[in-house]
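Pasting a structure below so you can have a look.
By letter and in written order, the chains are A, B, C and D; residue numbering begins at 1 in each of them.
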Amino acid sequence: MAVMTMVEAIRSALAAELERDERVLLLGQDIGVNGGVFRATEGLQERFGAERVVDMPLAEAVIVGSAVGLACSGLVPVPELQFLGFGSQAFHQIEGQVARMRFRSHGRYGMPMVIRAPFGGNVRTPELHSDAHEAKYAGSPGLKVAMPATARDAKGMLTEALRDPDPVLFCEPLRGYRLIKDEVPEEDFTVPLGRARTVREGDDLVIVAYSAAVVIAEKAAERAAAEGYSVGVLDLRSLVPLDADALREAVARSGRALVLHEAPLTAGFGAELVATIQEEAFWSLEAPIGRVAAYDTPYPPGSVEDLYVPSVERVLAAIRTVLEA
Amino acid sequence: MAVMTMVEAIRSALAAELERDERVLLLGQDIGVNGGVFRATEGLQERFGAERVVDMPLAEAVIVGSAVGLACSGLVPVPELQFLGFGSQAFHQIEGQVARMRFRSHGRYGMPMVIRAPFGGNVRTPELHSDAHEAKYAGSPGLKVAMPATARDAKGMLTEALRDPDPVLFCEPLRGYRLIKDEVPEEDFTVPLGRARTVREGDDLVIVAYSAAVVIAEKAAERAAAEGYSVGVLDLRSLVPLDADALREAVARSGRALVLHEAPLTAGFGAELVATIQEEAFWSLEAPIGRVAAYDTPYPPGSVEDLYVPSVERVLAAIRTVLEA
Amino acid sequence: MSTLPAIGTDEPRCLLAPDGTVAEGHVTALDDAALLDAWRAMLQSRAIDERFFSLQRQGRLGTFSPVNGEEAAVVGSAWALDPARDWVVPQYRELPAMLRQGYTVTRAVQYFTGNPAGNFMAPGVNVLPYQISLAAQIPHAVGLAWGLRHQGSDGVVCVYFGDGASSEGDAHEALNLAGVRRAPVVFLLKNNGWAISTPVHRQTAAPSFAARAAGYGMAGELVDGNDLFAVHDACTRAVTRARAGEGPTLIEARTYRMGPHNTSDDPTRYVDPEELEARRAGDPVARLRRHLQAKGLVDDASEEVLTAALTAEVDAAVAEAEAGAPPGPEAMFDHVYARPPQRMAGQRAAATGEAG
Amino acid sequence: MSTLPAIGTDEPRCLLAPDGTVAEGHVTALDDAALLDAWRAMLQSRAIDERFFSLQRQGRLGTFSPVNGEEAAVVGSAWALDPARDWVVPQYRELPAMLRQGYTVTRAVQYFTGNPAGNFMAPGVNVLPYQISLAAQIPHAVGLAWGLRHQGSDGVVCVYFGDGASSEGDAHEALNLAGVRRAPVVFLLKNNGWAISTPVHRQTAAPSFAARAAGYGMAGELVDGNDLFAVHDACTRAVTRARAGEGPTLIEARTYRMGPHNTSDDPTRYVDPEELEARRAGDPVARLRRHLQAKGLVDDASEEVLTAALTAEVDAAVAEAEAGAPPGPEAMFDHVYARPPQRMAGQRAAATGEAG
């Protein structure tokens, strides 16, 4: 197997599906000639033509909204939000239209669509480029929300999402585009949504995370191991569908849990995870479930962003708190 | 004291502040000549003129976005979203601009603004008119989110919000506009944000709710009392700020809790409440905290909406489950 | 730009005068059969408005927005389409256009009684569902037209939206994209003078909405929306251009909402009764009636018979819709996902009492 | 409409020819002092672009978008404003306009080093913060202008946005509202040919952005954006109209982005080198230089001295900014709320080690 970066894995999944399924069509800002600002679509317009890899005007609502119409016509549109933060410009189209069209039309118009959106911090982007809005989409029924943490999952889950008849918001950690590297099968394969991945087992505590935060969780777990704690890491992979069984089993094993994400604490998806865990595994809980998240403030300018996004140290401190509770 | 409906209480608070503070300016769709589709602003344009009660074009983003500029000019704008569901059209202006302008400008441009928005179900409105999106706004740092459940609180909290230098999303339960009636002081008074209201004490379980759901909670508590259970009801009043102390004390007393709202379950604000409660009062919990919410589906057409919005029966059933756990 | 029709920024084009006479030298593309078919559709719309309104008052129907006054704008445009390959993307006040495409009155009754099945378009019915989120359907129409063309079809999409909806960002983004992609779309902007209580002069300072076409590099036309011939003529030319790959057209049909915004609206609060009276003189149905009577195609007697028949049809549809079993709890879950998440499946089981 | 200036839908108005000669009979409102002041601002902008770019390469500055090529469009418009009562609402590529209003280079350095204080406009500096969310500032500008007028000021707001931002719904909603309210706004649309890698012909099919003005009932002008005189002239007339209560104007300044979109962009991937060369001939600084040299107001020697002085100023500002203590954790919490919720206050205490 070849080692790929996450952005290479994403590109290869897009290329393979463009090749395999002529209904697939990519649309977005700067995705064509420029190959995407992160090069996720590099070379695809040359290979598949400007009618299947389409540079769009600077207007998120119509990038997503026209994708709704493209889907109604029988195609599989893959709109790219240059940054998840600018999904807010299309929020009414995503939560109000994409997510509801199948239901609204009583099944006539399915929305086989994947909305790709990079997000996440620590890379000194300008304001609004790093925002982690996943909970707002996970709270929009009709949508599925995928959050891969490895290059392998990025390819397998994106392929799965492209073949899923339901609309999927596919969030890509921009910090991980090049930093996250692992072995990715060349051949066609899919990773189902809604099945969490056990990154490492642990008897004392389990950290539940997704996307780039999984990397932080792993590092913290290693550091904790050095302190003599057995800390497991569960990678959720997708928020909707949510793998409640995996949450139950992981917590049943260790009795203690920590949820971790890059979004602010209040009403972040970590709250849903805590609520689900205590519903599923209340009686095995030996301590309050900890939450490590960004602060309840807007994503700050670059000089302090590394203090804002949860760090290995903050996770470690939280691990100790939960273990000592 | 006079008994007022909630819509009368809201109208009286708006009138009083328009009278008291010439910086206050109302803007929205159909709020002038028509007095608002729910009559919340009836008579205000006649009384204060078309320059202070302004009918706007049909465009939510610029209704909110121009309010940002009005606030920068030194005014206190009160934009109305005809329905909270259409706040999604202005989502980028609300979460990205209103909520962040003070922080972005390092304090130069505060946003003393109140965004009024009716929401909630069971009244046979067309699609998208009943959506309860509060968690999406509560997860937008820089914003405050108010959710009054009584006419008295509606007047007192709206007055408070209009005087608060921070932007407040003020959610009004449209089902309660006329159904919710109680005694409201004629004189000027305010109800602080972030201080929950104990609706009734209970030794066996406490229901945590807000807005119109408080009425459902009260009815369920009464029914439960008939079955011999002592069930308390806590009205949060606002989601941001959140009264964590009241949550701790209420749960400490009964050891069992149920959170209730009209929004879908997943990533609803109830998840934040469960997470907060188990952080604040884990050791006094005697059973898993229950959640009663709408289903994880889009708000359905009228023929089935009463099955969708949590009913007294569903709350009662959940009470029994939590008590028997 | 020279290839694009000139835009009359204040004088709508009129071919069928209020007195029922046709403009010098104009020959409508509608032959007598088509004319009578359109006439029937306009009367049917009136019959539906009336019945639905009273049903709503009896609590048998939910909120409903009558077409009343806009029949020529809706029928004139829809009759320029080929239901077999062209599409209608409605807002919520264009039932006659949806029916022409194959949607049924029975489904409409279901829709307005809050039955999810009411928004189902049977296969072959080229219509998108009712759109409540104003202007949100306009981007859909552009994508649909683009997608049809991408797949080799020569179908054209006619999207309806109001003067109010035109102020939404979605309208702009969609018009601009359609220009860039030369998508085969007819943008039928029904300017009925009102967005609930907001008069059009508070909606925009533009001399006409058609004047916006130039800013998107597309053809624009301003027509008398109460004139079946003018609307049909402009729309036919727009459809021809679109089919030929010559791109989209923005048509502003100037008409007037003769009734309330919807069943819960009270226009006496904001409509000047004198203006309303004056506008009633422009009634598109009365105008077509004069023309058809002068042509000897209809008379009061035949109209009475036809109206009675149409009303009976509506009643039959109402009966059929009401005869159906009311939706159960499963209606909240059906069609939300093709592959439902486990959690929603569990909620469904709990709500319906089925095994999860 | 007759009161509104006609819109040239394809030929931008030019007053200062590329060879530095002034159009027959035109007398610019800029006297020699003002001219030299504008010249200074344009050279300062070049000096800042250069320094900031190399600082970014050294890792001392974050992402930065140079003004390079658009100096006349920015300076020509800003010089038509009265900083004491008029306002500038920027996108992110209009530093010279912000500086004219009283913003400082030191703050700019802070901003681009990710220091929250960099976006602070001192009292009296009539500028809104940098806007990253494209077009989101346009509604703000309309509300600001409306609010000023509401409070009896005769201030005018000049809002800058790009050809790319013009496609956003916010641009439409704001332009339309400004027309309805006759808000005193000058919409300065800087058409620099690109939105990152998207050429303007993929952005819109319109013959010009100025052609959109008619659709909002406002004045529209298309000017050569590399022509200081044409931009200043159009803007001056627009400001005069706005101040007099005659409403907003949409000005399209046709210019060209001579450099990369920003410090992380590689234009060689998408810009045709020949086109770039051709466009360089339109360089607004070179054009003004020719004029001023012909007028005998500047020469190579004086320019060299001035550039050296300006560069020294920039270096001093950089030094000043870098001398300041780097922001600590409290910077994440300061100014988020005037009355912080208890929970955020607790988070602040934890993050800063202060007592909660």
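Note that a residue touches a chain if its C-beta (ideal position, glycine included) is under 8 Å from a C-beta of that chain, and two chains touch if they have at least 3 such contacts.
Computed from a prediction, not measured in an experiment: that's the story for all the values here.
Student: Go through B-C and A-C and name the pair with more C-beta contacts between its chains.
Tutor: A-C
Student: Farthest from subunit B in C-alpha centre terms, which chain would that be?
Tutor: D
Student: Distance from the CA centroid of subunit A to that of subunit B, rounded to the nearest Å?
Tutor: The mean C-alpha positions of subunit A and subunit B differ by 30 Å.
Student: So how far apart, in whole Å, are subunit B and subunit C when each is placed at the average of its C-alpha atoms?
Tutor: Distance between chain centres: 36 Å.
Student: Measuring centre to centre with CA averages, how many angstrom lie between subunit C and subunit D?
Tutor: Taking the average C-alpha coordinate of subunit C and of subunit D, the gap between them is 43 Å.
Student: Averaging over Cα atoms per chain, report the distance between subunit A and subunit C in Å.
Tutor: Computed from C-alpha means, the inter-chain centre distance equals 40 Å.
Student: What parts of subunit A, by residue number, touch at least two of the other chains?
Tutor: 56-57, 59, 61, 85-86, 89, 92, 96, 103-104, 127-128, 141-142, 240, 242, 266, 295-298
Student: Would you give the residues of subunit D that are in contact with at least 2 other chains, written as numbers and ranges?
Tutor: Expected reply: 116, 119, 133, 167-170, 173, 176, 180, 202-204, 336, 341, 343-344.
Student: For the complex, which residues does subunit A have touching subunit C?
Tutor: Of all residues in subunit A, those touching subunit C are 25, 51, 56-57, 59, 61-62, 64-75, 77, 92-93, 96-97, 101-110, 141-142, 144, 164-166, 194, 240-242, 244.
Student: Under the stated contact criterion, what part of subunit B meets subunit C in this complex?
Tutor: 29-30, 32-35, 37, 55-61, 85-86, 89, 124-129, 265-266, 295-298, 300-305, 307-308
Student: Which of the residues in subunit D end up touching subunit A in this complex?
Tutor: 62-63, 92, 111, 113-116, 118-119, 130, 132-134, 164-165, 167-170, 195-198, 202-204, 264, 269-270, 326-329, 331-333, 336, 341, 343-344, 347-348, 351
Student: Going by the contact rule set out above, which residues of subunit C touch subunit A in the complex?
Tutor: These residues of subunit C touch subunit A: 116-117, 119-121, 123, 128-129, 133, 136, 138-148, 150-151, 169-170, 173-174, 176-177, 180, 334-339, 341-344.
Student: Can you name the residues of subunit A that touch subunit B in the complex?
Tutor: 85-86, 88-89, 91-92, 95-96, 99-100, 103-104, 127-128, 135-136, 138-139, 141-142, 239-240, 242, 263-264, 266-272, 274-276, 278-279, 282, 285, 287-289, 291, 295-298, 325
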